[in-house]
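The next part holds the structures, each set out as structure tokens.
Both of the next two complexes hold chain A, though its partner changes from chain B to chain C.
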Partner chain A sequence: MTRVLVVGNGPAAHRLTERLHHHGHRGRVTVLGAEPHPAYQRVLLPSVLAGGLPPEAVLLPPHPAGTRVLPGTTATGIDRRRRVVLASDGADHAYDTLVLATGAAPVIPAVPGLRAPGGQLARGVRTVRTLADTAALPSGRVVVLGGGVLGVETALALRAAGHAVALVHPHAHLAGHLLDPAAGRMLADRMTDLGVTLHLGVGAAEYVPGKLLLREGPPLPTDALLLCTGVAPVTGPARGCGLAVRTGVVVDDRLTTNDPRIHAIGDCAEHAGQVPGVLSAAWEQADVLARVLTGHDARHTPRGTAVRLRSADVDLLCVAPPPEAGGAADGGHTVTFSDPAGRRYARLHLREDRIASAVLLGLPRAIAAVGQLHDSGAPVPSDRLALLLGARPATRPAPAASADAVVCACNNVTGRTLLDAVAAGARDTAALARATRATTGCGTCLEPVRRLLAAATPAGAGGAG
Partner chain B sequence: MTRALVVVGHGMAGHRLAEQVRAGDPAGAWRIVVLGEEPRPAYNRTALSAWLEGTGPGAGAERLALVRAGFLTDPLVDLRTATRVTALDRAARTVTCADGTQVRYDALVLATGSRPFVPPVPGHDLPGCHVYRTVDDLERIRAEAVAGRPGAVIGGGLLGLEAANALRLLGLRSHVVELAERLMPLQMDEGGGRVLARLVARRGLHAHCGVALRSVAAGPDGRVRAVHLADGTVVDADLVIFSAGIRPRDDLAEPAGLARGPRGGFLVDRHCRTADPFIWAVGECAAVEGHCHGLAAPAHRMAETVAAQLLGAASEPFPGADTAARLKLLGVDVASFGDAHARTPGALELAYTDHAADTYAKLVLSQDARVLLGGVLAGDAGAFPVLRSAVGRELTAAPEELLASGGP
Partner chain C sequence: MADEDPAVRTVSTHCPYCALQCGTRLTDRSGAVAVRPSAFPVNAGGLCQKGWTAPALLDARDRLRTPLVRGPGGTLAPADWDTALDTVATRLRAIRAAHGADAAAVFGGGGLTNEKAYLLGKFARLALGTSQIDYNGRFCMSSAAAAGLAAFGTDRGLPFPVTDLAAADVVLLAGANPAETMPPLMRHLERPALVVIDPRRTATARRAALHLQPAPGTDLALALGLLHLAVTEGHCDEDHIGRRTTGFDAARRRAMAWWPERVERVTGVPAADQRAAIRLLGGARSAYVLTGRGAEQHSKGADTVAAFINLALALGLPGSPAGGYGCLTGQGNGQGGREHGQKADQLPGYRLITDPAARRHVAGVWGVPPDTLPGPGRSAYELLDALGRPEGPRALLVFGSNPVVSAPHAGHVTARLSALDLLVVADFVPSETARLADVVLPTTQWAEEEGTMTSLEGRVLRRRRLRPPPGGARSDLHVLHELAVRLGEPGHRYPTEPRRVFEELRRASRGGPADYSGITYERLDAGEALYWPCPDEADQDRPGRPHPGTPRLFLERFAHPDGRARFAEVEHRESAETPGGAYPLYATTGRVLAHYQSGAQTRRVPELHEAAPEAFAEMHPDTAARAGLGEGALARVSSPRGSMLARVRLVGSMRTDTVFLPFHFPGAGRANLITGTALDPRSRMPEFKVSTVRVEPAPDEVAGDAP
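Moving on, here comes the complex of A and B:
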């Protein structure tokens, strides 16, 4: 049987092994994980860092039975002629099919002082990428460098946990690749309300232990400096063996590199010139590749990506259009809603009454509705104000009330599936996760799942957690 | 006994006042003396641009006339055109005209209007520089216009765009210079301004926004040749029209000891009364509780308020201005109404942009999203009449339905 070797043990690799099993692959699957831990859900790390989640809560379920996982094993090279991967354990790992799921690594900006003479990060500086980065922070002042999604999530989580938090972002607007300037301003206002000190439009000049010097203004006292300055695909092994690499490892619609035996998925893969870098794309790729490797005809078609901020304090959803879609100038309608005092904002771009792109801030009900409309591709109701505010009499029942509504968007688990699982004996979220995979994605559905469980479980029949 | 009502100014406000008093005074309690500075009786100033557009028979200034034949022959109306009032003696209750004649009053209504503001830049008074307010102004502009030559309008507000359109109709290439970041800054927000800019550009109008006028330069013949902007741009122009706002004509106030508003104008209360019980002010020269209003509708409301007082009827106080405005020319249809800039605390803004049709519509709503407070329409302002009348009321339908109401 075909030996599948997966390099990387992040969410993409984890989803791949599960999907291979699901689609009937029964050959040997080996996973090389560079980190010492089992696979875990990376997107929840800010909550772990802030102490809101214990580290074990983000661990993903075990790989399917029979999967050989070698944690703490880094691939050092690929010998395509012999079809082996050389690894840090000294062994040669043979493959018939090789899947690169090496993910991405933090980009360390060229700010003097961030690195110690040995090249490692200086004392007091860390990234927010791996479980090893989530060791308890020292008490005192935290500075987050970088105002993208991860930086914003990290700053909000730490602020909510009681830290004094400053966020330094070299651009005028937060998350500028996702948010239009008006949304960026509103998010900044909301973060300021929550007590995060923002330094926007100002770059870091130098780090010296205890403080971060800015290009303008007084230095920031810093007991911990967190680098949220972006990531870059890990492509070393692919490059070293002559695979096509641009920003990421170049793959076609079947997630195949220029070597037909080698595939790439997730944050290390570049498809149609894009490295989406979002979990939903990684999962979609894992599923498509699993189908391809099990002999099905499947193609990867990039979708618009939906990014949801993971924060208890700020509701934010960005739906970006697929890369080939034109901008707003190409037609369609834009609806914007602005409530500066209430820190609420929305911009929907519609084509033929369907969501092409969206930014929603501070509108949790609209976020739920728009997320579903985007996923389903259904037309947007004609009363956009009612959609955005979710407060006026609806002409039809809210989708969330229906058992057919998707509760866990990451795994496409409906309320009905969850209820069936409860009927079959699941009595806590862990059991529901095992039965349906709900909550094992981005984690934002944990509360709805708990509520559903509480409502469906006979009183006293068991805990809801 | 017949009392003397003297009205200073025969514009739209002064005429409405005189007309209202006559209509409500069949017994002839008042004899009305109207002193107008212009050589012709009151006319509809808001239709000047339309008048310029008209051609053929009936295109004369009389087409704009507001005055019905009976008014001029009314024995209780003494209309004196081309008569400027130069002084006011409150103790003697007389006004003095430029020719020295004095007119005694029992009641005096000041309706002196306003004058265009001309920025005091070098060259602002060169031959070829004009304002855009009276029939005479437009006659001069028409006489000097040479088709195919460039002209510049200083000020990109509602009136400035009307003036630019006038130049275009006269065959000139029109430029507009606006200090604010967009055209019609009082009416348009960012989204409306973007649509408006594209619409006027499509009609061949060149807009220069966010830049101040530095000077007006003369050619060898001593006439206007170009305008120079603060950013170094030089705009060729044989003809310049200043349309950079208006200032109330309140020169009579200070010598007579009448109070003025913080930005000028005769200071009056909501019944348009000055501190002198025999003197009122209406129209653009009146600073109602300190604020002047520069549109025709509020001028008419003020005139009606004062007429009621003179007739001994219950007078409705001036309700405040409806600043709603629509511009429909240059192939442009834009409008704003109510609290267009969402200045009400807690106000919400809901905006729709149709990229294919290049239209923009914004509704401003109360904090609870139930009451319409105002809005901006650009590209298609067909819903303006409906929406304008709905300001201050609860929404009766989904916003999309309201915006779809009304014809083009």
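Moving on, here comes the complex of A and C:
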């Protein structure tokens, strides 16, 4: 029986053990987790930080029964010859199959003052990566450094919770790797509407307790500085034992490294030159690897990444093309929509009526539809504007004006039948109901029937039924 | 009954169709029957087109009036009752002798009266000695029953009167379209803001304050997402959760993985709409969560219902006087039909056949040793699938059901029925299933018989006889009695008088979850509104008076031994099939206003046939255009299991990935020719609501034969 050792206890590792269990894996599964807590849902950390969720609410369900979990245990090295992982608990952990799910660690920018002399982060500075980062914030001004997805989500969550929030981003527009400049500008406007103070195109010069000095302009009063300045795959143990590592641990379509006994999934893995760094990719890799490890034929075939901002206040979706796909000049066409005052923006690039790439802001229905169209690869509706606005197109002429239209659906009574009944002497809705059964089903046609009666009878002659 | 004219007869009874059981007064003037809605609180003077036209059913042109026996030439020919019954009994005896008791099977229906359902279960267990009995209710609300039983300890569709809904602020309808399937219910939904979850923009969805339009098969993810938002937006009733429930933490942990943006990707429901829904529900002083077949008819139907129950429990609704969870039961006696022993795993009183105490009690009432009762049998689809196979039944008796049209993978089911050594169908019209039978036994229908029905709110109602049955039609009770006697049973075990059967049912249900022991025809005929449980004991508040029944369950405690409701730890999973390749679209089946179930009854009513004469397929204009189809064209809809023909209807509000097929039509128009056989692991509900299909033009011919 195969002993599977998983290094890392984040969402990718958790998904892997659940799927291994689901597929009937019978060997022992051991999980080494560097953090002291059980596995938790990392993407919910901004909500915990903002106070909307207690920390225990984001803990993942226990690993499947029989899984051995060693929290607070960091892998320090891999001995591929002896097939053991050396760990901070002093033990050698043997494996037949090793899965690296070590995730990514925050990148601390080289801004003077961010680190204390001991190398740890200075007082008042924290990252937004682990449960330990979600301790209650001090009252006062929060400054978020970094305008990528995490920075934007964190700033919006804290602002919604009532904090005074400033966001500092060294580039001219937000989330530049995902958004075109027009969308970036509109996102900035939307955030400003919501009360987030933006400092765009301005680098941080130095942090001193209580304030962040910028490269231009006055210093920002800062009671808490949150670093959302990107992450880098954790590859130390892999590098140390001679596995192929570029940005991340290099894996093939079966999530296998250059050592057939060692696999990597999630934020530490690099597949086809990409380190997607999104949870959906990590989950899919875990699903595929669980199938591979239980003897199924499975391949990881990424479909291009869709990034959906998690915020109650800003609807934003970015769909980037998969790496091998061409650029814009490929015979497709682009649908654009821009409503700066309404903070609504769309740019859809379509190829053979399918979504090739997309940026959507402030269009919640279109975002829901396009996300699914991207995932399914189905053609987009022919009425592009209806798609963008989420309108429900009418395909039949509105029948209300026609006497042949059904007024009472429950009893299939047309306006003509009602008029005939009026002509035959029905003078109130009770008489009409007796003659035609109209209004006797769900009852909601009572008003239309009253109107028809009023229009068809001399003034004051009835309609009180 | 003020009318003095002896040629005029009037009775108060209920509509023959759905679980609302609208109150009606029937008048027979020299053979011409007219119906008027009564002031019964459920319909409050309303009726839909089906109810108004129900008298036409009594005089259906091809009403069965005499038994039919398939002759040596292979055609069904009229026979007298003794010949027909002797034929059935002789062949049943031979099959049992050769293959054992389980070689004879029974398939019942949710439209049968309580008395019929009870006696059918008893007949199967004693006269046939078979474990092989199940019924079409398995295709109806079995998922809701499984989830409700697990959560609350008992399963009554609505654990409160229908009329309570009228005072609500908000009602969530998950996969229910009452504006078409039970229109008079909408009279109670005028005040509440409706949140409707349905892949289609149905008549009900058009009246909603908020319509959430998920992809077929994703309701479970949506329910998890709503619980997630109830937690993150602070709408959980912590006090209620703490005092009256268990299991919240585990359920919440599952839901926390379903944040709105993830739910949006899986379901297609905008995150903003999810938030709007939870704000409506959470902000209401009185709210109800109701599920229908749309949420239930899935291979994960029980978990989906459980997820909606979790949401309701987290909001503090079940057990409160002005809120709750309920299932909108479909068939006329879908509630009573699931309580009295025609289900594979049940004995009367909603008892489990595997429970030794339940077996002892029921065997005692029946006057047999407990070990003579067989154990649990196959569920409906598994039973139909096993017919005529080496290990499966070789004879089947069908009462009040038409599986040729209503069962999933209908082409296969038809083949299995054809492989039987003996198929017996008791019905009052020559349904598609009856036409396959070796022996057809003509039975009475609603206005020709006495009995009781239990409506979707758990209220026991009297069905009353207006006029005698025509020709040779006899009641199902009579058929069971005659067959039992021919199989060597003492005749007194199978009373033919409904009232006597009910008296026995009272004793058999005594002490069970669905306790009818305090209900009598006399009390019902005196106009009492009796909801089960109604034990045969004195009213605690009014000494000397009988127990008043239980209009509202769970106000003090839930039915589990510890009195607490159970959250369920459920996780979303995909349907058995997902679109792709040769089958790029979802098909989902459902109902139209003019028809009831397999249409065997309503297709015989001229007005209803005229309103909905043939099978159709609703689809988005883009979907049709891509398939080369236009409005009114005949489409062939094909799944991995088969094809059906339907007339195209263009509906701009359809999702472009989904085709809707009503299932009421026969022949090549049977929607169930394409549906699949994946079953819910707990409820054994088939996955009617999600199949993968393609659509293409078909040579024009009639879609679905006329009756």
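Rule of thumb we're sticking to: the second predicted complex is superposed on the first by the 392 of 465 C-alpha atoms of A that agree within 3 Å, B and C clash if a C-alpha of one lies under 4 Å from a C-alpha of the other, contacts with A are read in each partner's own complex, and residues count from 1 in each chain.
Please note the rule applied: a residue touches a chain if its C-beta (ideal position, glycine included) is under 8 Å from a C-beta of that chain, and two chains touch if they have at least 3 such contacts.
As the structure is a computational prediction, the values presented were derived from the model and not from experiment.
In the superposition on chain A, the chain among chain B and chain C reaching more residues of chain A is C.
When the two structures are aligned on the shared chain, A:309 is found in touch with chain C, with no touch to chain B.
Touch criterion met: A:44 reaches chain C, while chain B stays clear of it. With both structures placed on the common chain, the touch criterion links A:60 to chain C but leaves chain B unconnected.
Legend: residue contacts after superposition of the two complexes on their common chain; A:378 is shown touching chain C, with no touch to chain B.
Of the two partner chains, neither chain B nor chain C is touched by A:122. Of the two partner chains, chain C is the only one that A:52 touches; chain B does not reach it. In the superposition on chain A, contact of A:164 is made with neither chain B nor chain C. Residue overlap on chain A between the chain B contacts of one complex and the chain C contacts of the other covers 382, 392. Listing the residues of chain A that touch chain C in their complex gives 41, 43-44, 47, 52-53, 57-61, 280, 306, 308-310, 312, 315, 364-365, 367-369, 371-372, 375-376, 378-379, 381-382, 390, 392-396, 409-412, 437, 440-444. Partner chain A is touched in their complex by these residues of chain B: 191, 342, 345-356, 367, 369, 398-400.
Per the touch definition, chain C reaches chain A in the complex via residues 37, 45-49, 52, 178-180, 183-187, 190, 201, 203, 207, 215, 231-234, 250, 252-254, 256-257, 259-261, 264-265, 268-273, 275, 569, 579, 584, 593-594, 607, 611, 620-622, 625-626, 650-653, 656-657. Residue ranges of chain A in contact with chain B, taken from their complex: 328-339, 341-342, 382-386, 388-389, 391-392.
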